[in-house]
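Quick one: the structure is below, questions incoming.
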Amino acid sequence: MVVHPVLLIAIPLIAAFIIPLAKKYGFAIAAGAMAFNMGYAIGMFSYIYSHGKIYEMIAGFKPPVGIFLAVDALSAMLALLINLFAFINFIAIGKEWNYKFSMLYLLAIAGSTGIVLTGDIFNMFIFFEITAVASYALIAGKKDEKAIEGAIKYMVLGSIASIFILMGIALIYSQLKTLNIYDIAARISSMDEKIKWASFALLLTGIGVEAEIFPLNGWVPAAYQGASSGVASLLSFGPSKAAIYAIARIMMVIFPFHATYEIALYVGVVTLVIGELAAFMQEDVKRMLAYSSIGQMGLILIAFSLASQNIQNALIAAFFLIISHASAKSSLFLLSRSPSMGGAACKYTGIVGVLSIIGMPPLAGFWGKWYLMLAAINEKLWLVIMLVFFAGIVEAGYFARYLHKSMGNESKLNLRYKVAMVVMVSFTILLGLLPIAYKMASLPLWGW
Amino acid sequence: MNYALVTPCYIAVAALLSIGLYGVVSKRNLMKIFISLSIMETGVNLLLITIGYVPEGTAPIENANFTKYVDPLPQALVLTAIVIGLSVTALAIAMLISYYEKKGSLEYKGGMKW
Amino acid sequence: MLDIIFAELIIAAIITFFVGKKIASIIAGFISILPLFALIDWANNFGFKTISFGIERQMNISVAGITLHLGITPLSWFFALMILPLFPLIMLYSYSFFKENDGFYPFMLFAFASTFGILLSKDMLSLFLFWEIMSWSSFLLVYRSRDKEAIISYLIFSVFSAFAILFGLMILWHENFSLLLSDIGRINGIYGFIAIASLIIGFSVKSVLMPLHAWAPFVYSKSDEPFVAFLSGGLSKLGYYGMFLFLFTLNGVKILQNYTPNVAWNYLLAVVGSLSAFVATMLAIMQDDLRKLLAYSSIGQLGYIAIGFGIGTPLAITGALFQAFNHAFFKAVLFLAAGAVAYRTGKWKISELGGLAYRMPLTFLAALFAIFALAAIPITSGFAAKWLLYEAAIQQKYVFIAPLMLIAGVGAFLYSFRILYGVFLGENRYPDVKEAPKSMIAAMFILMLPLIIFVVFPGYMLDLMKPALSNSGIESIAHTKFAIETSLAKYNSMAVLITLIAAMVPAFIIYKARKHRITSFEDNYLAGEPYEFHNPSMHAAHNFYKPLKGVVLPYFEPGATYYFEKIYKGIGILSNGIRRIYTGFVQDYAIYVVIFLLAVMGWLIWM
Amino acid sequence: MDVMGIAIKVALLTAYAVIGTCVGLLFMGIGRKIIARVHNRVGPPFYQNFIDVAKLLSKKTNISHGWIFDLALLFSISGILLTLLFLPIGGVQLLSMEGDAFLVLYLLAIPALGFALGAGASGNPNAGVGVMRALVMMLSYELPFIITLIALMIYYDTTSLATIVRMQSINGVKSWAITMPPFMLAAFAADMALQGMLMEQPFDIPVAPHEIASGPMVEFGGKYLGSLMLYKAIALVAETTLFVDLFLGGGVVAHGNFAFVINFIVWLALIFLLFILSILIAASFPRFRIEQAFGFYWKYEAIIAAISLIWVYILVIK
């Protein structure tokens, strides 16, 4: 079988363009496209799981000039994750909206998938913009005051971010005359020292806005709070995960220097601590979950930044943390629509989600923390470990408060919502139990 | 390399970025903020063009008479970037309209804090 | 076989989600008997002749692609002996305790499976894995209480404990590059010291040692009684199991001593334990809520075990293990009895209860016996344990610890009597209350059996713990069936018992020589006048130890419980401060972005 | 041990139980007489308490409040006899080799707890208040007493009373613990604790005649009250003997074949002196309130005891 990862981007894009032409069938077209994407992503993942990485040249142009996609195990997994959750989430929420929503949703998904799969730095920028523009509109789609305010905040910061990304790309291009990340990586040493660092700083800042790292995440609480729960769920498993992966990719492929890892580590730790602390006293559930997401993104960034020495453990940790956070947080966001956790489905979704984020076995979050610790202890980063522990305890504090506060018998969720929630959250259980941890450890996660 | 033409361009880039940034940070009116963002964007586009500039180069059209032409890729990039910038601006305007409908003003007073 | 037992426990846990209350409790009860067969079988390995069921001693189970090394050791066998029998009896008790099946049984079975797993685990990963499963399953049982403080404090402390344990294990792993527990012991220096210290801190959360006990009063006083019986009786022992494992079996004491040869770190543990025993006892005296009283009493009684581990001589460790065994049973009985009382009356405040002894005589008997054991009355096994600990403290000339221990022992009389008087004796306020249901009574009486056996034969208990001690290189102390002998003195339970019975003879003669008639006290005290019982402040048990109030509460209470609230509030203030970063103005956020960019750029270019 | 040995042992124990009871009752009578003389009254005859007990035990009207109430009678007498028999009396070891000072300390709690159970079962609020006071008093005086006990134990490196007595009797009076400066302090603290144990003034608030309708024993009458008096008499002997064993060498001054007669007389004299001392203190001091007593014991007495403990500890570790 020959796999064409480009279809994962092309199909939703085409579908998104068709939808305005066939407004009545918007939901069906989008659902069909996403179902295809999901199936294709599964196929691609299983292919890579057994065969290893894939390169795809678009339109036959050869790199470094041509645009191309590079898919390794981790990015295939992320593409799978995004498309799978996107489908589930869409089935749950899609029918409540009109065709525009389906279109924007498809664009956001296509963009996120593109960020993950692309091997070209300018393409990454374009996919970022597609994702971001779609997200602005999706957030504002709720059309109340808060939604629009959140969207505007995101928009202002997102625009600044895109300017910075573009500047970073321009700086790299001015020196190396190439946009292919492997080509850049190969010749990075020939770059002027100052421009090299400046371009890294610009890229980190630009992508960091999307990846919710501190202090670039001013939009996060407002956007999550303003967005409807389905969109908040999308934001938590889609764009943010793609962006953190993009940071990791740029850091690990183009700039694999001690200083960059160090910066990522510090930024991650600060993000983690600030995010968790800010969530601690938050009364609004969605805003609390947003702050908690910030903290989790910090944790994932820490995991990636440990990859300089302990690549295996660190990447497995990142893998599990991403899975755990995506599945738990998006189901919690869906749950946040109901004022309290009435009924078994809601109750146990909430509990499992919280436990996975806290890191209890046999859920995915446990393996994440376990491997993260393995990697961190190896480098004897005592302060980092202490801060991660402290953040974990703070996290336990507000999640316990959340669990207590949302205890109740009321449940306004319909069946589709509940099913979507349960399916999403069951991934954290499944991936904790299945022997993926072991298998992942033996895979060339990062094969170039 | 002849910097006579390029250096003013870089100065212009810096000026546009600074003006835009100043606008974003200091203005309260959302419309002005988005205008400032557009200015910044223009600055970055200018930067890209400048990078691709080759002194005394011509347009990158294949012609046997010219061997020296400017780098075509940045121009393609800038085209894309302009399109994206336009779409963002369009969306922003749409959103500002609805913001105005809700609040009756474009003055941004802060909200959804802490 | 072992994997089948685990599988059955988990399958039963899943089944009990969906079935009715009665069936669930029957399934849970029978399934939780299974591991006891394994215990009986394994006894053959430790010098006891019992029936063999062919259950293996070692087993490797693969979960999530990672191998868990399981196996029985003498130490875990002894701890299993005191923890695992609680489960079937708690299930028996819960048969009539719960009105409906709302999530008690599944998580209890998960807790059981994980407890079994912790005891069997032979590598760090499985130890930590099962420890965490135990944490969440018990958290979900606490969650049923719907009490804010209980839920928050339990989760926070569980996570704290898990992190401390994880940290310690990780250091041990890093020093040895092996997850097997048996490979530990080759480390020295500061890392070994930190590892052992953080493991002890982690385990002492679950064993409610004093500075880390703050969750216990909330959790013990708000959760379901059958669960609390397990929490106090069983779970707290797991913390001590971990401590014993790392301190003695894996030579943690030596690691500590090698790092700083002149400082007796284990002395610190003993001091903490004695302060825990003393302060918690003092606070227990002042509680009016029956469950809170028992909670503080648990903290106090468990402090003795820490003292024993801290002193660290064979005498002290024997005493500590003995105390652990006793505590598992008598505290379970007491919590179950408290549950039975609440089941019938619906009241928890001691000052609102009273006079139940004649209405619920069997419950009273069970509670009375447990209280005798708790207060270490010499004819009970509780005394033998405490006696060993006192002897150990005197032997080592620990002049700071010994008085605190002893006065805590006296304090135990005070709160014991508060339970007896306030709940069971005194004015008869509930003339219509019936005896607790049969299953509850049966559970309590079966739980009392081990206590009764070791009353007369404390030597048997020492025999039981002998394999565990000798496996850790600790010699067991000289004893016969009835008598225990130390370098300081001797304690002969048989002499006490026989003399007591003999001394009963004159008392009995006096008792039988003249007849008596039974009257209600109203005849004497009120001369038949009607009497208003329902005003709690009229009850003598209301504000019972009032004279001590001004003495105890101002000094002990702040340090004991408020510190946690202070930290919680402090983090809250910090959080409120940090949240101010998110000012709500997008312009500010833009400034942050620029500052971040400049900072990163500056850092990278100039560093 | 052969049958004869057991028979002798049983006979000896029985004899000491009877002697203890008689001595206690006698002392109580003498105490009443002395207090009366201090108060400038005539007072009852010294054998008055024998008559009282005999009368109470033979009363025909006995009011009980159920089987838990009866436990008071059974436990109080048997428990205090048990305690007495685990003490070395006048150099005779009795059962004291089978237990030690901790055992005695806890055995003393059996009658108290039984008694408290009975008082509680009576349902009378006054009884409850009385028991509460008794228990708080116990908590108060135990602290200094325990500290002095530990001082002795670490000095002699034993917890067995029999051994403590033996070590103190090596050189007769000169080797008594009380002759050593640290133990003088300790003995003072322990004597104050003894005052509380005996429930004499100024620490008699648990019983508190004229205050709470006779305290814990308010519902006790007939055989119940009689047994209580017996308990009190034996407890008097047991508690003073404990003090004598700890500080005064158990009264052992002589060694040899018939030394036990001399030792017995010395023991008797010593516990009598202790009792008189406590009676005199009782006669001349007013009553403490319960929190005052608590403060007295936990502040002043405990500090005195702690000083002696630290002193002894320094002596020992040298």
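Going in written order, the chains are labelled A, B, C and D, and every chain counts its residues from 1.
Assume contacts are C-beta pairs under 8 Å (C-beta built on N, C-alpha and C of every residue); 3 or more make two chains touch, one makes a residue touch a chain.
As the structure is a computational prediction, the values presented were derived from the model and not from experiment.
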Each chain counted as touching subunit A and subunit C at once: B
Touch-network distance, subunit B to subunit D, counted in steps: 2
Chain pair with the higher count of C-beta pairs in contact (A-B, B-C): A-B
Closest chain to global C-alpha mean, per-chain Cα centroids: C
Distance between chain centroids, defined by C-alpha means - subunit A, subunit D (Å): 77
Length of the line joining the C-alpha centres of subunit B and subunit C, rounded to whole Å: 67
Centroid spacing, where centroids are CA-atom means, of subunit A and subunit B in whole angstrom: 28
Geometric centre distance via CA averages, subunit D-subunit C, whole Å: 36
Multi-partner residues of subunit A (each touching 2 or more other chains): 152-153, 156, 160, 221-222, 282
Interface hub residues of subunit C, defined as touching at least two other chains: 576, 579, 582, 584, 586, 590
Touch relationships between chains, expressed as pairs: A-B, A-C, B-C, C-D
Of all residues in subunit C, those that touch subunit B in their complex: 576, 579-580, 582-587, 590-591, 594
Residues of subunit C defined as touching subunit D within the complex: 355, 357-358, 364, 375-379, 383, 387, 390-391, 394, 397, 399, 402-403, 406-407, 409-411, 413-414, 416-417, 420-421, 425-428, 483, 488-492, 495-496, 499-500, 502-504, 506-508, 510-511, 513-521, 524-525, 538-541, 544-545, 547-548, 550-551
Interfacial residue positions of subunit C with respect to subunit A in the complex: 62-66, 125, 128-129, 132-133, 135-136, 140, 143, 146, 148, 151-152, 154-156, 158-160, 162-164, 166-167, 170-171, 173-174, 568, 571-572, 574-576, 578-579, 581-582, 584, 586, 588-590, 592-593, 595-597, 600-601, 603-605, 607
Of all residues in subunit B, those that touch subunit A in their complex: 17, 24, 30, 33-34, 37, 40-41, 43-44, 47-48, 51, 71, 73-74, 77, 80-81, 84, 87-88, 91-92, 95-96, 98-99, 102-103, 108, 111-112, 114
Complex contact set, residues of subunit B against subunit C: 21, 24-28, 33, 108, 110-114
